[in-house]
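What follows is chain A paired twice: with chain B in the first complex and chain C in the second.
Up next, the complex of A and B:
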């Protein structure tokens, strides 16, 4: 690779990030920023779910772990007067600790049984929130969650969370940090080990990989970022109800991942971005979301099993094939 | 180096391995043979911790490894291959070998994720090591192929490459020659000899008698989980019990 080619990638990433930072300057409507913020939330959730899925386990408790982060952070701020900036990481840590607790027994079962266990885990979290009315407000919800504390550096900076713009920058920062971290996992030997566990856990074990530990590690990392996202969500929406963290939400995340392409790091990002934006532009899609998603899912599984990220390659090989067939 | 004392494994009421004693000395190639269902693979599963013995002890380099988890036994230096092609289908040949390289030198999870200085050097070292192994087994020309696209002979060698990349002191080969043609068998025999010359002790299960006789310094024969003979290839060849139980009465081994 020439030096010039090696610089193209970092340069285009930098350009993309700069562009993302400039978005609020051009987009004046609060509605559109709101959609972008929700897309950012979906991107972190889906990418962190993918890290868990790299080991071959599909978790259906991701929305539940997001709820753990959301309620932990909101309650710390509301009941114990924590600063939001302390409660944010604590939301992630709470979700990761719960993942650590249930992880060791959970990862011993495989595939569909793991999915079943996590499905129940998500349901249990939701039920606990619903029943623990004194703390969580139950089904009527936790209301009046304050926005993040203003960032003040006297005489220099004063950012108050009184419009969508600061939220946009906060989620952008969270997305960048999360993706950077998750990408490091993916591209280092850790990601290779996680993939090896998916492809043949007994082979991996036989060459000295502590399969259980790595599976739990992936689960904890994934749930940490779900918790962080939950914390952001709580102080952005300002109302938490158990219904926001249902089974369907968890399954949507799996759909985002599969539609985008779970084998590639960028697949989860692309899937989450496109599938959260799409229903916003076509109102009918939102009303019949499960129908539409089942359609999209079927089309992807049959025509593009490696997801939307593989579209360019699929098109390329199609174009190549045609002249060969004609000649 | 490896000492097995009174190893016994019951599956339900059936004994798969019964009171087995055997030793493998440093630098040897030892063959473990017996008819189908004699319990050879069970012995491998017991040594590498895939299953726990009902009774008995497994001593490796003076320390008791009985019942330890597979990954820590691999860490101590015992690595096995599998009868069926066991490798990582959807990863390249080089990636397959690299997966095993993380034991030596050890790479910490956070060290890798945070990309702290020293990680790159270790990764480069692992890469060189994996390439050396692939070159040794003649797989370097297909290093970027997906493992699932390799021909059968190469896939068998890839299993061995994965095991060797983990730098074992004792390598357990489970029917390394099955499904190979004559030329591939010859080639594999030289590989096993070279592996031993490089300092790795080998214990193998194999049905190809000619190859076992030629390759092994010592042979242990089991039937119905019990040891029925142990000795030099010459002795085994003439042992009446072995000929009868293993090859059927009235047949010549050679």
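Up next, the complex of A and C:
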């Protein structure tokens, strides 16, 4: 590879990041920024779900772990007067600790049973929030969650969270940090190990990999980022209800991941971005709008069962195919 | 809890349990034969409820005519679903989830647009109660139990005594080996899907007549259905019956003692514990 070619990738990434930082200068409508922020939330959730899925486990508890982060952070700030900037990582740590606790028994259960086990785990988290009214407000919700504390450096900087713009920059920062971290894992020897586990537990074990420990590790890392995202969500939306973290939300994340394509790191990002953003352009259809999302979903999965990331290969194999009678 | 409340709770639990069983046997059949978790099965159940509602309220059929008609209509829909949605994805776990979820959203949104979000009541099947030595038992619950038992018994007979039933067992054990023995796997998949859809439609009609219909009623049904087949063991019909009755009784007995939410926590908790010690469920095979 020439020196120039080696610079293309970092240069284009830098350009993309710079562009993303400039978005609020061009986009004036609060509504569009709101959608972008929600897309950012979906991107972290889906990418962290992919890290868990790299070990061959589909978790349907991701919305539940997001709820753990959301409620932990909101309650720490509201009841114990924590600063948001302390509560944010604590939300992630709470979710990761729960994942560590249930991880060891859970990861022994394989394939579809693991998916279902996590489905019930997610349901239990949601039901517990509903039942524990004294702490969480139950179904009527946790109201009046304060915005993040202003970032103040005297005489230099004062960022107050009073519009969508600071939230946009915060989620952008969180997305970049999470993706860098998750990508680092993915391309490290840990990532290779996780991939080996996906391809075969027994083979991986036979070459001396502690399969259980790596599976739990992946679960904890994934859930940590779900918790962080939950914390951001709580202080952004400012109201938490258990219904925001239902089974359907967890299933949506799996949909984003599979539609984007699980084989590549950017598949989860692509899936989350497209499926959260595209339907918004069809709000004019009102109650018929969900059909757009469903349509995109079905068309992609019927044409590209391995997700959007398999598009280049699918196109290549189409072109290369020699027309009949010419070989 | 008094004896009368206890009896009524057990009856409610058994009625709910048999309705869960009717939903779950379809799910477990489709999973066993096509290796697909049919997330849209709850929406099939919802369509069954609406079908019988319209047959009764708009077209003037009696409940006893509407029940088989709804099963037939929804069963026919099953043919379409199997052929065009599920057959291309048979045995491919991840894409099949997406298709099932897409279908679930499609049917639910269609119901919202077509039928509205309000709940509709079709009136009780048999109103009134049966009083036995001071204990009141409502007729509609008793009826749901009887219908459930008859249909599941018929399904057992079909599977054990007929050639089609044995072919279904063969396909669920090994589709390739079954095909090598001259079994048309596609035809068996269609039959499994039709039976599953018809039973779910009847379950929906029964539930709809005991309570009411809503476009979102499928969501709780699918959660319960999945819980039942995981508890009982994927692909096992005996397991679906056992799982359905266990969860039904939990849902009947816990709410009067604690709260409906606690019943949910308790039910899912039981399944998680069972899975941790016996990961194939109560009656599942490895």
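What we mean here is this: the second predicted complex is superposed on the first by the 302 of 327 C-alpha atoms of A that agree within 3 Å, B and C clash if a C-alpha of one lies under 4 Å from a C-alpha of the other, contacts with A are read in each partner's own complex, and residues count from 1 in each chain.
Heads up, the rule we're going with is that a residue touches a chain if its C-beta (ideal position, glycine included) is under 8 Å from a C-beta of that chain, and two chains touch if they have at least 3 such contacts.
In this text the structure is predicted, and so the values were computed from the model without any measurement.
*Asks:* Quick one: classify A:18 as touching chain B (first), chain C (second), both or neither.
*Replies:* Neither chain B nor chain C is touched by A:18.
*Asks:* When the two structures are overlaid on chain A, which partner does A:105 contact: first (chain B), second (chain C), both, or neither?
*Replies:* second
*Asks:* When the two structures are overlaid on chain A, which partner does A:199 contact: first (chain B), second (chain C), both, or neither?
*Replies:* first
*Asks:* Between chain B (first) and chain C (second), which does A:211 come into contact with in this model arrangement: first, second, both, or neither?
*Replies:* first
*Asks:* Among the partners chain B and chain C, which is in contact with a greater number of residues of chain A?
*Replies:* The larger set of chain A residues in touch belongs to C.
*Asks:* Could you tell me if A:255 is touching chain B, chain C, both of them or neither one (first, second, both, neither)?
*Replies:* After superposing on A, A:255 lies in contact with chain C but is clear of chain B.
*Asks:* So in the superposed three-chain picture, is A:181 touching just chain B, just chain C, both, or none of them (first/second/both/neither)?
*Replies:* first
*Asks:* Could you tell me if A:124 is touching chain B, chain C, both of them or neither one (first, second, both, neither)?
*Replies:* Only chain C; A:124 stays clear of chain B.
*Asks:* Could you list, by residue number, the parts of chain B that touch chain A in their complex?
*Replies:* 48, 50, 69-72, 74-75, 79-80, 82, 86-91, 95, 98-100, 102-103, 107, 109, 112-115, 119, 123, 126, 162-163, 165-166
*Asks:* Looking at the complex, which residues from chain A come into contact with chain B?
*Replies:* Checking each residue of chain A against chain B gives 181, 184-185, 188-190, 192-193, 195-196, 199-200, 202-211, 217.
*Asks:* Across the complex, what residues on chain A touch chain C?
*Replies:* Result: residues 58, 105-106, 108-113, 116-117, 119-121, 123-124, 127-128, 130-131, 247-248, 251, 254-255, 258-259, 262, 287-288, 290-291, 293-294, 297-298, 301-302, 305-306 of chain A touch chain C.
*Asks:* State the interface residues of chain C toward chain A in the complex, per the touch definition above.
*Replies:* Where chain C meets chain A, its residues are 37, 39, 88-89, 92-95, 97-99, 101-102, 105-106, 109, 112-113, 219, 223, 226-227, 230, 234, 259, 261-262, 264-265, 268-269, 271-272, 275-276, 279-281.
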